Each structure stands twice: as structure tokens, then as C-alpha cells.
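Next up, some structures in C-alpha cells.
Each of the two complexes below includes subunit A, the first together with subunit B, the second together with subunit C.
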Partner chain A sequence: MADKIFRVNMTDLTAKVEDVPEAWMGLGGRGLTSTVVAAEVDPTCNPLGSKNKLVFAPGLLSGTTAANSGRLSCGGKSPLTGTIKEANAGGTSAQLLARLGIKALIIEGQPKGDKWYNLHVTEDGVTINEETETLGMGNFKVVETINERLGAKTGVITIGPAGEMKMLAANISVKDPDNHIRSNGRGGLGAVMGSKKIKFISVEPTMNKVEIADPEAFKTANRTFAKALVDNPITQALAQYGTNVLVNIINEAGGLPTKNFTQGQFAGHEAISGETMHDTIVARGGKPKHNCHPGCVINCSQVYADMQGGYRTSGFEYETIWAFGADCCIDNLDQVAEADNILDDLGLDSIEIPVAFAVAMEAGVLEFGDGAEVIRILREEIGKGTPLGRIIGCGAGSVGRTYGITRVPVVKNQAIPAYDPRAIKGIGITYATSTMGADHTMGYTIATNVLGVGGSLDPLSKEGQVELSRNLQIATAAIDSTGMCLFIAFAALDDATCLPALIDLINARFGIGLVADDVTNLGKTILKTEHEFNLKAGFTNLDDRLPEFFKEEPIAPHNVVWDISDEAIDSFWDF
Partner chain B sequence: MADKIFRVNMTDLTAKVEDVPEAWMGLGGRGLTSTVVAAEVDPTCNPLGSKNKLVFAPGLLSGTTAANSGRLSCGGKSPLTGTIKEANAGGTSAQLLARLGIKALIIEGQPKGDKWYNLHVTEDGVTINEETETLGMGNFKVVETINERLGAKTGVITIGPAGEMKMLAANISVKDPDNHIRSNGRGGLGAVMGSKKIKFISVEPTMNKVEIADPEAFKTANRTFAKALVDNPITQALAQYGTNVLVNIINEAGGLPTKNFTQGQFAGHEAISGETMHDTIVARGGKPKHNCHPGCVINCSQVYADMQGGYRTSGFEYETIWAFGADCCIDNLDQVAEADNILDDLGLDSIEIPVAFAVAMEAGVLEFGDGAEVIRILREEIGKGTPLGRIIGCGAGSVGRTYGITRVPVVKNQAIPAYDPRAIKGIGITYATSTMGADHTMGYTIATNVLGVGGSLDPLSKEGQVELSRNLQIATAAIDSTGMCLFIAFAALDDATCLPALIDLINARFGIGLVADDVTNLGKTILKTEHEFNLKAGFTNLDDRLPEFFKEEPIAPHNVVWDISDEAIDSFWDF
Partner chain C sequence: MQFNVKLFAYFRDNRFKERLSEYPEGTTVEDVIRSLDIDLEEVGVLMINSRHCTLQQEPQEGDQLAIFPVVGGG
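Moving on to the complex of A and B:
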């Protein structure tokens, strides 16, 4: 049976099932969410108003046995950035939705009254149910409650209290295979879900299989593809130390933003490094390897245990550890893990929030390094929606504006992640030009600037950085459409067998004949669609700029400033 | 002696006196501040950073005996709106600065450390002095302290605690003839002054006189001009009831925004009307008439007394009374007066703050109508810089973003004033297109839409509103350059002797030969200079829009929505 579009209207509380328009047939994941948003959402609309839409789409390969294909894309107009937005996450829902034959779930409108709802998705459609029991609950309790109510195999897409309160850093959480939380993290899409008064979406478990046009070719390609992934040395490092392998690497490169981006190295880096984390997990009996979605062969996630060996957090990522660790100067991995766990439960972006804390520290709201106070504020202020909690819960830009701080590391109001653009210039191009505000995952130049993947390019030189970012942003837009985890990029860039195998997988799934250029063109089209939306929303090239202080304050140890010209940045869009 | 530019650099704490460039000779007030800002400030700079400048300029006629010529313009890039900004106020400083031979005082740079300063202005230049005593003081106490320190005739331009805390609704206060406070109210220029760590500017009293090229012609013109003002019926109504004469008029017109812009009439309007205010002042022994600057012949200000006949507030304006009264539903003039007095003392925009309170009421932070809680929040939260205080102190947009509210009446992040654009459409064009964010004073179409001044144009019709707003915005830009109070416009529009007399005054002052077209062209040039700055700052025509809810929610009693097309709005700039 052909895939369908499931459409829910929250204004009149109706749902329907539609055929997939011809033009959307070849799209999935980010390619589809961005196309739907660009086609159906008024770019000038209020992101928390009735005209915005929330679009979920599994990737082109989601639901199949293809390795690492279980990412769920979620798109809409971001209330944090005002741009188009896509965020993707692992968990079990992408594969369930794909197996139920759902190409995209489009949620539009907004209920008038105070009632809250849940959506239940089956292969026949969506039912809209009034929801009361889980209101105010943290994500872990929501998952537990739905498991009891509907069975443990049910897919869960939910918002925590932060999304209910429409905090601009609220994310959307997806249940993972172990009932933990994966996050469509960035851009405040949880607030959009909250604005539509949907507490959670449950997805019926299914034994359905996705139709494969050429099962043999698919199997062969998948074997090659998975081998390329597991053989790759970066992938292997990710498996051993998680993404947090990067703390020591980026610190060594002098690009680890520290103390609200005043330094490029953190004296306490050893205490929070991937190596320390790994040893701690092993010593306490946690899980050093863990997958965020079934079918992942990389296993970069882990379960971090507390001193008694109990669960403290999982999916404990470099970005979060950097932000609470180096940027807030908290050299205590247990405190950072506890903070991460609270963010998972409240449903908040674990980059935006700690970067916001560092700005609050600069404002004197609390001291740099005060992990205990961070945890108190997370629980008592953000969790309860106090004024201070809302200020921080609305992100780094919010803290900066409210306290009159000028050193606020954001682009398009979204917090800059864990790589200082002065010391690693390629990533600055990505921050500036990304269609979604500052976001390293949009074009991860760290690969080539620091890790030597896909060649090598001096991070301190201005030369070639625009081209690097452009090529990676194009490739990323395509990968984000497949349902694949972005970490396949390391193998794709360095192993000649990987990308052809990925294309073979798509061709075998749909019985088509894409070639490499088609994939590149798909990426270009997605970027241009997103960029066009932003222009129609009122953005100009003047928004593609880093904050003033990066140009004025040299950062140690390299004592460099951000010195790539505006003209060079603007040439990004020459393709 | 020719007028000079006084320039202060707060980075290296130096001051100098410069000749006035040829191109700035014919400019004063807003025309000069906007020209200086456009020429010298990077439009993309952070408004609270070292690249912004703060420019004070008396008007072309300030310092003379011309009636109503004592307004002081202050300009810079606004931290609230991100646009160019000019705000003007009465008080005694404009005339003193003009008599000291100061064409403009330009303050640039930013000190690095934590020290605060005051500036003392004499005819020889500016001295920069470290300041400690007045830090944290409210404006009334600052004025008292400077009067003691430097003598009661000293001009005072100061920021209150709000400006020190860089709240985005912080204004700049100017001492009036009775040691009360007049405000350069809108756009957060007080935060810019705070960002430069200047607590106050004192202006030396002087017996100097401004040179008049043709004293006889000046005297004759001034007689005609003053007569036109005092003979005008609107001016007379302003003298009797203050600007608050408008409560009943705008309520009757169905355009009095009530309960956060959900209704166009306020049931409690009688309790807060100009008539009630007048009777209360008379009964309690306050002053029903009062001037905000020496030389004013209108006297629309007043001193509102408390029940014991003591000072409660002065310059008690319609906008403030509307915003706390109708928009926050507080039908208690004593509470509104107390709130106004606190805003004067803290140094906050008395439009932005009450509109922000109404949004906070919609968010459930406090109840509509709860005047006592408003007063408590003003004193205990905003005055002390608590998180809630800062959220509200940063304006209506800040409250909306922090609490996820979509009904936020702002344009370019500045609160919409006391006239609902759905019911009085001309003013909506002004809100949308003003170079400074929503601001009724930029092109006061109420004159023609409601008061029958300058002709009559149906406020509910779409026809002619763009032209009306355009003509008034052009005229206003010119008037704002003369040092004249905008209330001369009523006579200028309806009394054929008024405008020629004003032009004669300028000609007699400088020995030049301007004609009416020159004045119109000055107004056009100023608007275009300001608009160009905003375009270079990243604004587009998409920013010239009213919030979504005005298009979607009809307002009683006329049950009308905002229905002027985007194309019509954009045609504003066709001149």
C-alpha cells in the first residue's frame, strides 16, 4: 500500500488521511518536512499561533533494516529563531511511523479553549483524545504512563513541562528502545507542540514491514553500508567514548568555548572528557555503549550511572557536557549528568539551556562553576516556570536581552554550539549561513578542520572554509532526508564504498535509479527551499552574521578573532 | 560664537569640542540626531555595545524665546527595536544646551571597567567625572542631589535604576522647571546611557542668550505664533484637561484598546477620564495647568495631588492613563498616578511598561485590574531588578516571548500606544511604517481621523490613510527638528497663520529664507535617512506589519479587523 499523509487539524479537532502529492514522493525526513513547511506555512506567521504547522516525517529509509536509518524529522517555523526548522532524533517512532505507511504527519491549527489532547496514530489514521493524566508530567513519567496505558512497544513523541509552558528552548522527546529520551532538540519545536495543546503522540506498534522493491539488492547494499560504518576509525572512537571523545580533541585545538566564550581551552577538561566518562561508566557498571534507535551499528550513546550504579542519564553528548562543563566551568561530570537528566525530563534543548546558563553567569545571576545552583535552578525555577526559569528556558538570547548582556553567543537567536568559530573558522560559516540559526549539525566542518575526515583544512585559515561548509551543508541536507544518523558522514567522506551503498539502498527500496548527482541536487534543493522560506519571513544576509564580540575579542590560545568577510559569507549562497 | 559639537568618548574618557560640519548646519533636534546616528553608527551594531552612540540635540529654535521651543531630542540605535531612534522631551536642558552654544552632544564608546561616571557640560566643554553617590538612586533623588551639589538651576539629564540595569524600556529623564521629571520616553535609550556607564549629565546654568539674526522679525513672528497656539480649541482643551482629555473621546470612537487590546471601549472610562482627573486635581489642590519647559504657552501638564494634597505625579499623560487604566483594566486614577510616579522615579517608558503589564495579565502573571499588584511589582520587582522585574522592564515583547503569548501589541518590538489600529486605521499605518517602531507621535492621524483637525477622514475607511500618515510623518519629522512641542501641530494644521510664523521664526533666528517646501523637504529627508539606516540594519518591508491578531480578531464595538493590505502599507515609502 502506498504511503499516506496523515493530517490533523487541532482547530476543529479533525483528522484525515491523504494521498502523497507527486512532488513529495521522492522526499523523506528533513527534505519532506522543509518542503511541506515551505509549501503550507505562511513564513511571516507567529510560530506559536494557529497558522504554524508541525510536521513529522520518517526518513526515506526509515522502517527498513538499513543500518542507522531510524531518525525522525520534525519541522515547522521555529519560535526561537523565526526561521524554518528541522530537528531530528532517534528513538523508536520513525520506524513505527514508516511501517504504518505514514510519509508525514502534519499537525495544523490550534484549539481555542484550555483543553489538552493526545494523538494516537495507527495505520488507519489519527485519533484526537482529550488528555489530562499526563499534564505537567516530566518526560520519563509520561513514557512510563503511556507504556502502562498502551503497552511498552508503543512509540511515544512527547513534550515535557517546558513545552507545555511554551518555553522557546523546549524540545520534542522521542522514546528510545530502553524507555529513555531522545530529543528533536533545537529551535523550540516543543513550544509549537505545546501551542497546539498536544501533550504527546502515541504510535501503535506494528508487525508491518516497509515494502522493498528489490530485497536482494537492498540486503547486499546494506551489508556494504554497515561494514563501511563499523570499519571507520571515527565511528569506532564514537563507539568507545561517545561524542564526548571530542572534549580533549577540541580543547587541544583551542576551540573549546570556555566561560561564556572567553577562552578556547578549559582547565578542567580532563574531568569531563570522554575518556573520564568512559572509565567512570565502566567502574560504576553503567553501559558504555548503547543505541538510540534499533538498527544502529555505531552505538555512540551510553548509560551514565550514578555512584550507586543506578541510571543517571543516557545519550550523554559532547555538546551538553561541553556547555555545562567548559562554557559554564562546571568540572564535575556527575553534576553535568544530573543536569542533562533534568533537561531530558523537562524537555529542553541541552545546548541552548547550558549556553543560556553561561550568559546568566556572566550577568551575575549565579557564579561560573556553580553546578549545584544550576541543578537547583533547573528543578525549582525552570521546572516550575518561575520568571527566572522562563528567562533561561527561553534560551541564551532571552537571558542576554533580559540582563542587558552584549556577549551572547547566538546566531538568529539560537545558541552557538561547542566549537569556537574564531579558532575553527569553517564552523563559523555554518553557524552564520545555516537556515536554522547556529547549528553545528547543519555542516559539520569539524570533520575536515580538525578530524582530518574528507581531507584536511587548516581551521585557522580563511581559505576554503565557505566551500567546505557549503559542500557539507548540501550533503547534510540530503542525509537528513534519508532517516540516516548524521554520523554516517564520517564513513561517507572517507570510505569509497559507503555513499554508493547508501544510494543503492534508496534505489532498492523504491525501485528507482538515483545517481550521486541526484543526491547532491536533492541537498541543494532542500537548502534553497529553506533559504527561500527565511527570506520570505524577513531574513536578509545581514542575519547571516556572528555576534559582534567574535570580531573584537581575540580568543586564547591562538589569539584569533572572527575575520571572515561579510562578502565571503554571502558567497555561500552562490550555487 | 558659532555653535559647536561637543563629543565625549567613554572608552578613553576624553572630550572635545568640534566645529559643526557644513552639512549639519541647518539641522537641529531629531533632524540632527538622526543624521549623526546615520552617519556615525554602524546600523548592524549591538545597541548596548561600544559602537552605538547617544546623541543629544536641542531644536533649531531651542534657547530662544519662541513659544514651546524647549524640547530636547535624544537619538541612537534603539536596544528595544533595533531601529534608529529619536525621543524628545521637555524640561530645562534643551534651552540651557542651546544657550551654551551646543548644537549636539555626541557620546560614543564604552568604558571597560565597572566604574560609573557623570558628565558636566559647560560652554567650554564636557568634564567626565567618576560618580558613586547617585548610583542606584531614583530620578527624583538624583535631581535633589544634583540641585544640592551644583545648584538648583543646573540642567539634569539622568537615568534611573532601570537605565543602570539596562532594561530595554528604560528612558532618559530631564528635570523640568519644578524639579519633576520629563522623559525621552521610548525605545530604551536609557539602557544605552546605562551601557555607557553615565548616571547623569549636568548642564551648567547660563545667562548667555542665543544669537538672533533679526530680533524684530523674530519678535513679530513669535507673537503671531503664540497667538495661533493659544487660540486653538484643541490646544485649549489640552490646557484644561491635559492630554487625558482623550480618554472619553477615543472611548467614544471605539478605539480605546482595553484588556490587552481585546475591546475598543473601557467600562471604567469615566473613572480615569480627563474630566475626572481635572476635578480631582482641583478638589485636592493640585495644579490643573503646568508647563514642562519654560516658554510653553499650552500648559498641558498638571500636578496630580494625592488625597492629602501632596504631590503624586505630574505630566500625567493620556497614554499612561490609558495603558494602566483601560489596557490593564485599572479604573482607579490614584493607583495609576502612583504607578506613573514610580515609573518617573525608576526611569521607564510609561507606554511600554503598562502595555507589558497587560500582556503579563493575559499570561496570568497577575489579574487584570489589580492595581495594587502592579504597584508592588513596580517597586519590589522592577525597582529591584528581580527576574520578573526585568522581564516586564524589557517591555511588552519581552513578556510575550517569555510567557509564550501570541497577542502582543508591538511593532518592531515596541508597544502599540493608545489607539486601536482596527478602529482608527490611519494610526495603524503610522505604527507599521514609523522608522522607530509603533509610535503615535510619529504621525498622529488621530487629529484627522477623530478630532477633525486638518480636515476629516473616516477612521474606519481604508481610503486615504496612507497619504494621511505620510503627510503627518513628514511634517512631524520637520517639527521634531525645531525643538517645538508636537502639540503646535493642531494650530499648524488648522490656523493659516501658524506655520508661516514658525518658518519666520527659523528664518529670523538664522538669517535665512526658508519657504514651506523647504520644511517639507527637510521632513522627507529625515524620514529617508532614518529608513535607510533601518534597511542597513536588516529591516525589510516585512517588518512594517501589525501583529497577526489585529487581522484575525474583530474588535468591538465596530467589530472591525485590520484590513489594510501589505501593498498599501508598502506604498507609504513612495515619495
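Moving on to the complex of A and C:
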């Protein structure tokens, strides 16, 4: 059976099933969400109004047995940045949607009254139901409630109280295999879902299988692909230490933004490091290895246990630990874990919010290092939607504007994550030029600037950084369309068998004959489509800039400033 | 001549986190790694004083040499 587009109109509460237009056939994941948004959303619309759309799309390989292919893309116009947005996450829903034959779920319009709804997705279409029971609930309770209501195998895509309150840092969470959650984190798409008055989307479990055009070729390619992933030393390290292994290395490189981006090294780095975290998890009987969706062979996630050995948080990422740890100066992993868990439950981006806290600390709202007060504000102010809670819940830019702070690390109003662009210059190009505001995952130059993956390029040099970022952004756009987790890139950059195997997988799935150049061209087309949307929304090259303070305030230990010229940044788009 | 060696991730197992030791003049980074019985193949990133360095470089008095296995994240 051919894949379909499921379309839901929240204005008149109708749903229909459509054929996939020819032009969208070869697309999936980010390639599809961005294409749909660019084609159907007025770039100048209010992101929280009726004209914005929310688009979910599994990747090209989601639902198959291909390793690491279970990522779900979600797109729309971001209320945080005003740009086009795609965020992807693990969890079980991408695979279910793909197996139900759903190429994309497009949600448009906006209901008039105060009623809330849930959407239930089956093979035959979407039903729109009035929802009352789960309103105001945190994500964990929502998952529990849906499991009871519809069965534990049901896929769940949900927003927490932050999304209901339309906070601009609200995310969309997806149930994982252990009934915890993974999040489409950045850009505030949870607020868009809240603006459409949808509390959650449930996806019916299915025994259907995705059709494979050439099953034998698929099997062979998958074996090669999985082997490339498993054999790769970096993916092995990811399983042992998680992404948080980066704290010590980025600190050593002098690029760990500390105390609201005033220093490049954090005195308390050991306490929050991947090494300490690993030892703590093992000592307390947590799980150092865990996957965010069935079929991941890398297992970068983990379950962090509290002192009694109980669940404290999972999917505990370097960026979050950096932000609460170094940027807010909280050298206490237990407090950071608790904060991370509250953010998961409230449904908030765990990069945007801690960076916003660091700006609030600079403003004197609370002291640097005061983890207990962070936890109180999360629960009592943000969780309850007080004015202070909403100011922080709308991100770092919102805090900066409210308190008159000039050192606000954002690009296009989205918080800069865990790598200082003054000391690691390639990533500065990615922050400046990304079609979605500051986001390290759009073109992860840290691989080549610091980790020696895909070659090496001096992080302090001005040379070659634009090209590095461009190549990575093109490759990332393509990978984000396959349903693959971005962490396959470490193997793809260094193991010659990995990328051809991935292309063979796509070819075997659809019975087509893509070559490497087609994949690169797909990446380029996606970036250009997204860029075009932003230009029509009113952005210009002058928005592709880092905040002023990076040019003026040198950062220790290298005592460097951001010194890549505006012309060089603009040359990013010469392709 | 004395300089400080810092180890990371599993390189610390049965070794140390950080150690200030005496080395003869002309000691290279590679010499240090061999003396610690670390497999050169497993070495990912090397830095002297927070700058990437090569195996042939010679740390100087008071330097900080950091030795990381192949690691990644993001």
C-alpha cells in the first residue's frame, strides 16, 4: 500500500487522507517537513496563529530494520526564532507512523474555543477527540495515563504544561521504549502544538511492516551499515560515557562556555564530567547504556540513578549538563539531573532554559551556582506559569530583554549551546548561518575542530571554517531526512563503508538508484529551501551574525575574540 | 624537567587522573604515552596547554599534557 499524507484541520476539526504528491515521494524526515512548511506556510505568519502548521514525518528508513533509523522529524515555523524549524527525536512513534504507512502528518488551523483535543492516529486516519483528563499534566503522567487508556504499546507524542502555556522554549516529547521520553527539543514547537490546542497525539500500535523493494539487498546493506557503527571507536565511547564525555575535552580545549559565557574553562568540570557521571551511575546501579528507540546500536543514552538507585533522569546530555553545570556554575550532578528531569516533565528545551538561567543569574535574579533555587524556580515559577516563570520559559533572549542584559548568547533568539565560538570557530559559522538559529547539531564542526574526526582543523584558525561548516550542514540535512540519528555521522566521516551502505539501504527500500551526489544535492536543496523561507519571512544576511560581545570580550584561556569577517560568513551561501 | 600529564575517560582506569612527574629533556608526547602502556591506536586527541599537538612534540617544563582516547558526542 502506498504511503499517505494524513492532514488534520483544527479549525473545523476535520481530518483526511491524501495521496503523496509526486514531488514529495523521495523525501522523508527533515527534507519533507521543510518542504511542506516552505510550500504551505506563509513565511510572515504568526507562528502561534492559525496559519502556521505542524508537520511530523518519519525518516526515509524509519520503520524498517535499519539500525538507528527511528528518528521522528517535526517541523513548522518556530515561535522562538521566527525561522523555519525542524527538530528530531527518538522514541517509538517514528517507527509506528512509518509502519502505518504515514509519510507525513500535517496539522493546520486552530480551534476557536477553549476546548483541548487529542489526536488518535490509526492506519485509516486520524480521529480528533476532546481532551480533559490530561490537561495540566506533566509528560510522565501523560504517558502513564495514555498507557492505561490505550495500552502500553501505543506511541505517544505530547506536550507538557510549558507547551500548554505556549512558552517559547516548549518542546514536543515522544515516548521511548521504557516509557520515558525523548524530545523534539529546540525552537519552541511545543508552543505551536499548544496553540493548536492539542495535548497529545497517540499512535496505534501495529504489526504492519514497511515494504522493502529489495529485501536481500536491504539485509546486506544493513549488516554492513550496522557493523560500521558498532566497530567505530567513537560510537563505542558514546555507549560507555554518553555525550557527556565532552565536558573534560571541551574544557581542556578552552571552549567550555562558563558563567554566562565569560570564561572558557570551568573549575568544577570534574564534578560534572562524563567520567564522574559514569562512575556514579555504575556505583548506584543505574544504566550507563540505554537506547532512545529500538534498533539503535549505539546506545548513547543512559539512566541516571539517584542516591537510592531509583530513576532520576535519562537521555542526560552533554549540552544540558554543560548549561546547568558550567554556564550556571552548578557543580553538582544530582541537582543538574533533577533539573533535567523537571524540564522533561514540563516539556522544555534543556539547552534554552539553562542558558536563560545563566542570563538571569547575571541579572541578579538568583546567584550563580544556586542549584536549589534553579529547582525551585523550575517547579514554582515556570511550572506554575508565574510572570518570572514565563520570562525564563521564553528563553535566554527573553530574560536578556526583560532585565537589560547585553551578554545574551543567542543567534536568531535561540540560545547558543555548549561550545564557545571564539575558541572553536567552525561552530560559530554554524551558529551564525544555520537556518534555525544557534544549533550545534546543524553542522557539528566540533568533530573536526576538536575531536579529529573527518580530518582536523585548528579551532582557533580563521581558515577553512566556512567550508567545514557548509559541508557538514549539507550532510546533516541529508542525514536528518533518512530517520537516522546524527551520531551515525562519526562512523560516516571516518569509515568508507558506512555512507555507501546507507545509500544502499535507501535504494533497497524504495527500489531506486541514488548515488552519493544525489544525497549531497538533497542536502543542498533542503538548506536552500529553508533559507528561502527565512528570507521571505524577513531575515537577511545581517541576521547571520553572532552577538556583539563575542567580538569584544576575549575569552580565557586563549584570550580570543570572534574574528571571522561578515563577508566570510556570507560566503557560506555560495553553493 | 617536570610537566603535568592528565588522562581522560578509560585511560584513567588503573592509572591516574593527573600526575606531575620528572622527565628527561627531549621527551616526546609519544614517549609519555608508551611509558604509560597506552595503545597508540586508542589515542584520539592530544593537547599541550589546551592546544592540539602531535606525537612528536616535546612538552616543556610546567606544561600540561592532556591525553584522550577516541571520543565523541554532540
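In this section, the second predicted complex is superposed on the first by the 575 of 575 C-alpha atoms of A that agree within 3 Å, B and C clash if a C-alpha of one lies under 4 Å from a C-alpha of the other, contacts with A are read in each partner's own complex, and residues count from 1 in each chain.
As a working rule, a contact is a pair of C-beta atoms (placed from the backbone, for glycine too) under 8 Å apart; a residue touches a chain by one contact, two chains touch by 3 or more.
Computed from a prediction, not measured in an experiment: that's the story for all the values here.
Chemist: What is the contact status of A:R390 with respect to subunit B (first) and subunit C (second): first, second, both, or neither?
Modeler: first
Chemist: When the two structures are overlaid on chain A, which partner does A:L48 contact: first (subunit B), second (subunit C), both, or neither?
Modeler: Only subunit B is touched by A:L48; subunit C is not.
Chemist: Let me test your reading of the model: by the given contact rule, A:D543 touches which partner, first (subunit B), second (subunit C), both or neither?
Modeler: First partner only, subunit B.
Chemist: For A:A191 in the superposed arrangement: first (subunit B), second (subunit C), both or neither?
Modeler: A:A191: touches subunit B, not subunit C.
Chemist: Just subunit B (first), just subunit C (second), both, or neither: which does A:G242 touch?
Modeler: In the superposition, A:G242 contacts subunit C only.
Chemist: Which of the two partners, first being subunit B and second being subunit C, lies in contact with A:T402: first, second, both, or neither?
Modeler: It touches subunit B, and subunit C stays clear.
Chemist: Contact-wise, after the overlay, does A:P557 reach subunit B, subunit C, both or neither (first, second, both, neither)?
Modeler: Only subunit C; A:P557 stays clear of subunit B.
Chemist: Shared contact residues on subunit A, subunit B side and subunit C side combined as an intersection?
Modeler: Comparing the two interfaces on subunit A, one with subunit B and one with subunit C, no residues are shared.
Chemist: What does subunit B use to touch subunit A in their complex?
Modeler: My answer: residues 44-46, 48-49, 51, 79, 165-168, 191, 194-195, 386-388, 390-391, 394, 398, 401-404, 406, 536-538, 540, 542-543, 545, 547-548.
Chemist: Touching residues of subunit C toward subunit A in the complex: what are they?
Modeler: Going through subunit C, the ones touching subunit A are 6, 8-10, 12, 17, 42, 44-45, 47, 50-52, 66, 68-74.
Chemist: Using the touch rule from the top, collect the residues of subunit A that touch subunit C in their complex.
Modeler: Going through subunit A, the ones touching subunit C are 233-235, 237-238, 240-246, 248-249, 252-254, 270, 274-275, 300, 318, 440-441, 444, 446-447, 450-453, 456, 458-460, 486-487, 490, 557-558.
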